[in-house]
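Okay, handing you the structure first.
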Amino acid sequence: MTDSDIERAIREHHPALITYITAGDPSLEETKAYVEALDRGGSDLIELGLPFSEPIAEGPTIQAAINRSLAAGTTPRRFFEMVDDLETDAPLLVMTYYNMVLQYGSSGESRDGPDVRPFVERAAEAGLSGIIVPDLPAEESGPLKAACEEFGLDLVFIVAPTTAGERLETIMSQASGFVYVQARLGTTGARADVSGATHESLERLAAYDASADGVPKAVGFGVSEADHAAEIVTAGADGVIVGSALIDLIADADDPAAALEAKARELKGGAEAGLADAPTKQ
Amino acid sequence: MTDSDIERAIREHHPALITYITAGDPSLEETKAYVEALDRGGSDLIELGLPFSEPIAEGPTIQAAINRSLAAGTTPRRFFEMVDDLETDAPLLVMTYYNMVLQYGSSGESRDGPDVRPFVERAAEAGLSGIIVPDLPAEESGPLKAACEEFGLDLVFIVAPTTAGERLETIMSQASGFVYVQARLGTTGARADVSGATHESLERLAAYDASADGVPKAVGFGVSEADHAAEIVTAGADGVIVGSALIDLIADADDPAAALEAKARELKGGAEAGLADAPTKQ
Amino acid sequence: MSESETSFGRYGGQYVPEALMPALEELEDAYQRYVLENEDGFLDEFEERMREFGGRPTPLQRADRLSERYGREVYLKREDLVHGGAHKLNNALGQVLLAKYMGKERIIAETGAGQHGTATAMAAAHLEMPCEIYMGRTDVNRQRPNVYRMRMNGAAVNPVDAGSATLKEAINATLRDWATTVETTHYVIGSVVGPHPFPKMVRDFQAVISEEAREQIQAQAGRLPDSVVACAGGGSNTMGAFHAFVPDESVALYAVEAGGSSLDIDEEAGLAPNSATLSTGTDGVLHGAMTKLLQSGDGQIMESHSVSAGLDYAGVGPELSHLVATDRVTPVSVDDETALNAFHRLSRLEGIIPALESSHALGYLEDAAEDLGEVVVVNVSGRGDKDLETVLEETEKRDLEAAPDVEVFER
Amino acid sequence: MSESETSFGRYGGQYVPEALMPALEELEDAYQRYVLENEDGFLDEFEERMREFGGRPTPLQRADRLSERYGREVYLKREDLVHGGAHKLNNALGQVLLAKYMGKERIIAETGAGQHGTATAMAAAHLEMPCEIYMGRTDVNRQRPNVYRMRMNGAAVNPVDAGSATLKEAINATLRDWATTVETTHYVIGSVVGPHPFPKMVRDFQAVISEEAREQIQAQAGRLPDSVVACAGGGSNTMGAFHAFVPDESVALYAVEAGGSSLDIDEEAGLAPNSATLSTGTDGVLHGAMTKLLQSGDGQIMESHSVSAGLDYAGVGPELSHLVATDRVTPVSVDDETALNAFHRLSRLEGIIPALESSHALGYLEDAAEDLGEVVVVNVSGRGDKDLETVLEETEKRDLEAAPDVEVFER
């Protein structure tokens, strides 16, 4: 299997920094600027949230960003148009809920219900490299997985603290791009006490190493500081994922673009520092 | 059977005017003055209401008088003391509810429940000639009837528009003093449209004449004007009973005593005028 | 009619204005024919309607956590599940149906808390009878939802302004209406009170509670209970819960009255801060019957008090007075605070929100469980939805052991 | 697990975050063993508790005056008589008991109008399970009495401030709690919605409605009905009322949705002035399942509307979507005004105050009685005590043919 853009980006820039922001918060225009800032700051992959009205996997920070984005009039069409215009070193992913994928271009609904292909096709056309759908477990992913393969995108799966046994193996065997290792139970959101939970998740990571066929693993949920990033990488992760901490900057900083760039640099530095203490790998 | 004070008063002053006021409204002192005024004005019998907290047979006017009296502190003891002092030509009756009769002097309750004798004994001592108890039908009157006979008082029964057949005969056979003919269904209270209902009740009166053993009949409930009194007497009644209309005078007139005296005179005149058209009798 | 038929020992009778006596005779006759002799299949129709419209039979439920708490088998008779939310419908439907058999054209009733009024309004709607309910102005204002319910069922609600404008005055007003309209109207009295034949008839309509419970406890516990506990206002749920057990001498019967804030009386003010008529009252005549009353030495009726509007009455059914006088029923009382705690306890421990009235019966478990034997039946006469506001207010005023944190209720 | 087992045709499935999948597997296993196979006597205990605690069976009542009005036999299935006042307890008690069998230590649930929350709180108190209820702040404020009831039963009530702060957001919040606490906590979902196995399991707990009704109608009318009518929000009373009749091809099944003020949608504002999901919705994924939804062309979920809070939901159970897609169930809708009139009509004509939800089913009789055949069963899913304030307000705004004079309600 040839490496995808995403896998290649992670391997080349190991340990990778993966950043998330909600597209359209506070406007798609500004999102463009923020994405470029994150790219400059050293993000190796950038996840763009396409807002859905019922974000059941998000904590309060990202919920608020999604509400701002929807209030600003973000739609899938405008989202893709914004992505069309983006030029970044880092590959881009779209993170959204399954209903958004289903409905795109499905107005003339087929007899078998809505179809996921138009969304994936348009995402590929816009230059996106992957899709993350937090409410789509492996069991229901057949149609989207097929469409992603057809259009050359990675479908990124999440592995939770509760995922084990047969289900874990199934997910690892379907994984492409990277595996999103959820550091703790619950929803997204920056937390001060990340380390305890991270520790547990990284023990599981070690176990995956044996079974995994080499797809990189990145850890997210609650990561907000450089030293979290370091710890995670030290424990063996191929990348760290940061979201809510960046949303906070967008909401609060005087110059969000500059702040994002600086924060990305800081986080990337943390990850790299962590590598020194990591088990030898590549 | 020798005639009682009450019967004698009715026969001697035929057609009789029977007046009612609530004792203690607005004070027992004033009640004394009002009773004397009614006596001067030509009342042939005077009913004094001893207030009970649950006057279920009264309309709004007498309810209000009872509330004023209770608020002024009227008790059976004070009531009897007031009566002790009264000197009138007209015999006096007390009108009250059965529980007041039962409880008087019953604090050391007997094993068979409260006793009616103390009340009747005290009433006799105060010079009262009769008792009317609107919530005591003939069926329950045994103990009170016995006590009244013991102490020489009349127990006056009420005959209602619904009273008929066997019950009517029973009541008429137990009657003493006079029979209180209730002119209409409902509660006490001055009404403008008395004549219609009175008419009906007087047809029944005619029927009683055949069965009655000569106890006089007086008509009450809703009588307020001299021409009502005339009509009632014309139709064959031996007396008319007026209450609420007098309570209104006590509540509203500048000089209630004078107003009561004048009103009594007027009503008595009406009754006498009605006699001219009455069927020949005595 | 002989004395013994219209009364229970020295209690009962027919102390009403003459105008009503013929109506009582007519009712007595209808009661005899339809209720006692099932003429025209009256009872069959009544039972069918109580089953299909009213939701009978109600369950007898073993209360697991109360049983644990009190170290004996506690069973709850679930009258809270009757249509309308209380045992009141048993009687209201019986009387409205009887009025129909009697050819009456109109129904009147009094109500205090509104439970009897709502039950009567429901029954009248169900049986297509015009219906007017008298309710003290004070109660109208503090029991709004029940006023709405009556109106929704098409009943007229007539506020009564006299006196303290509560239940006692509402009864007075209903009696006055009846005295005027008696020829076409039936007065659906709300408890085992009033002149004969009401106390017997209402008891017979409510007796289904103990008839069911007696069979159920034998099926479920394999034996008769040692005691039956019911709250007593007028006493209809009480007589309903007791009646079938009266001949069972081994079964103790506890009538739990509202102890209010105190059992002492303020004779001067004419106020009793309780409604513990059987426990503290004296013999007298009120609303048509000789019975125990809360009254002054002169015979004036007291204003009673209870946190539970449905128990807030200065009289009590004459048959209960008689059963107490003959030592068959034990009168006890439970104060406001104990009742409130019992309300919260049943809500939290068993997931049943009881009426404040019924909470008095439940409160007696807490006070004297050890007297009640091994198997106890408690009558849950109604549900407490109607009492939420009152309970919140009264809970806020106190430091109640069994109450949840009231703060979170922020209103 | 094969596709066909987790879905109904193309509807259903398990669209949830990965963290919840193991809990759904565990639940699926427990559902199979306890509910389908009666392991450890689960079903026996459930049925006994529903009998003694819940008041089952509920009657099937012939509605005499509706039957007359509509010229056919109208029977009412009286779920309003279930403990708590609605069919909701059938499911809540089943799930809380199942959670106990599964060894869970804590219960969470969402609620809109508060009916599922109160039912869950009652069941949790009854079974001694700590319980937290999520409820939109808007609903907390407009459904105070139900908040009080939950608190009285010892449940915590967590207000949710997101979005319109109603049912949809409460579900989101509960899912988020569950994603955090899934190892020790069971989510008692309130209708036949959510990921597999919830829609099947909730249906099975509610199926008692139609199992009883099917026997009752045969005993009482001597035949199967021509039609069964039930309101549909999420669809739990609907599937409960339909399930046993689904194989009876002669029985037409009508799911009556909330038509609100209009069936038109304001796509711009993201508002549907109705909750007629089956009638007007399109396929999509919400709260764990593929089903019919009220959504924009882009896939954003609409704010729905109904005068009845319990029907006010943009989704619907996947099995109903499937039964509609396969023409077994006919989706129809009734607007706010028709439902309000039906509320007043049943209250006045039959002495039963129905929930506003159930009033939609009753409203369909008025709209289309002639389509319903000779024998009709209408599910009265709950009682309307909770709706009095809303009905008063909404009645004042309108000139309703069936309403009593609102003036006299002067508040």
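The chains carry the letters A, B, C and D, assigned in the order they are written, with residues numbered from 1 in each.
By definition in this document, a residue touches a chain if its C-beta (ideal position, glycine included) is under 8 Å from a C-beta of that chain, and two chains touch if they have at least 3 such contacts.
Just so it is clear, the model here is predicted, and its values are computed rather than measured.
Centre to centre, using the average C-alpha position, subunit A and subunit C are separated by 66 Å. The geometric centre of subunit C is 34 Å away from that of subunit D, both derived from CA atoms.
Subunit A and subunit B have Cα centroids lying 97 Å from one another.
Annotation for subunit A: no residues touch 2 or more other chains. If you draw each protein chain as a dot and join the dots that touch, you get a simple line with two loose ends. Chain pairs that touch one another are A-D, B-C, C-D. In the complex of the two chains, the subunit C residues touching subunit B come out as 1, 6, 10, 13-23, 25, 162-163, 168, 172, 175-176, 179-183, 270, 282-288, 290, 293, 295, 297-301.
Across the complex, subunit C is touched by residues 52-57, 59, 63, 67, 70, 75-76, 97-100, 102-104, 107, 109, 112-114, 134-140, 157-164, 167, 171, 182, 185-187 of subunit B.
Residue ranges of subunit D in contact with subunit C, taken from their complex: 51-53, 55, 58-62, 65, 78, 80-81, 83, 85, 121-128, 144-145, 147-149, 151-154, 157, 343-344, 347-353, 384-385, 388, 391-392, 404, 408-409, 411.
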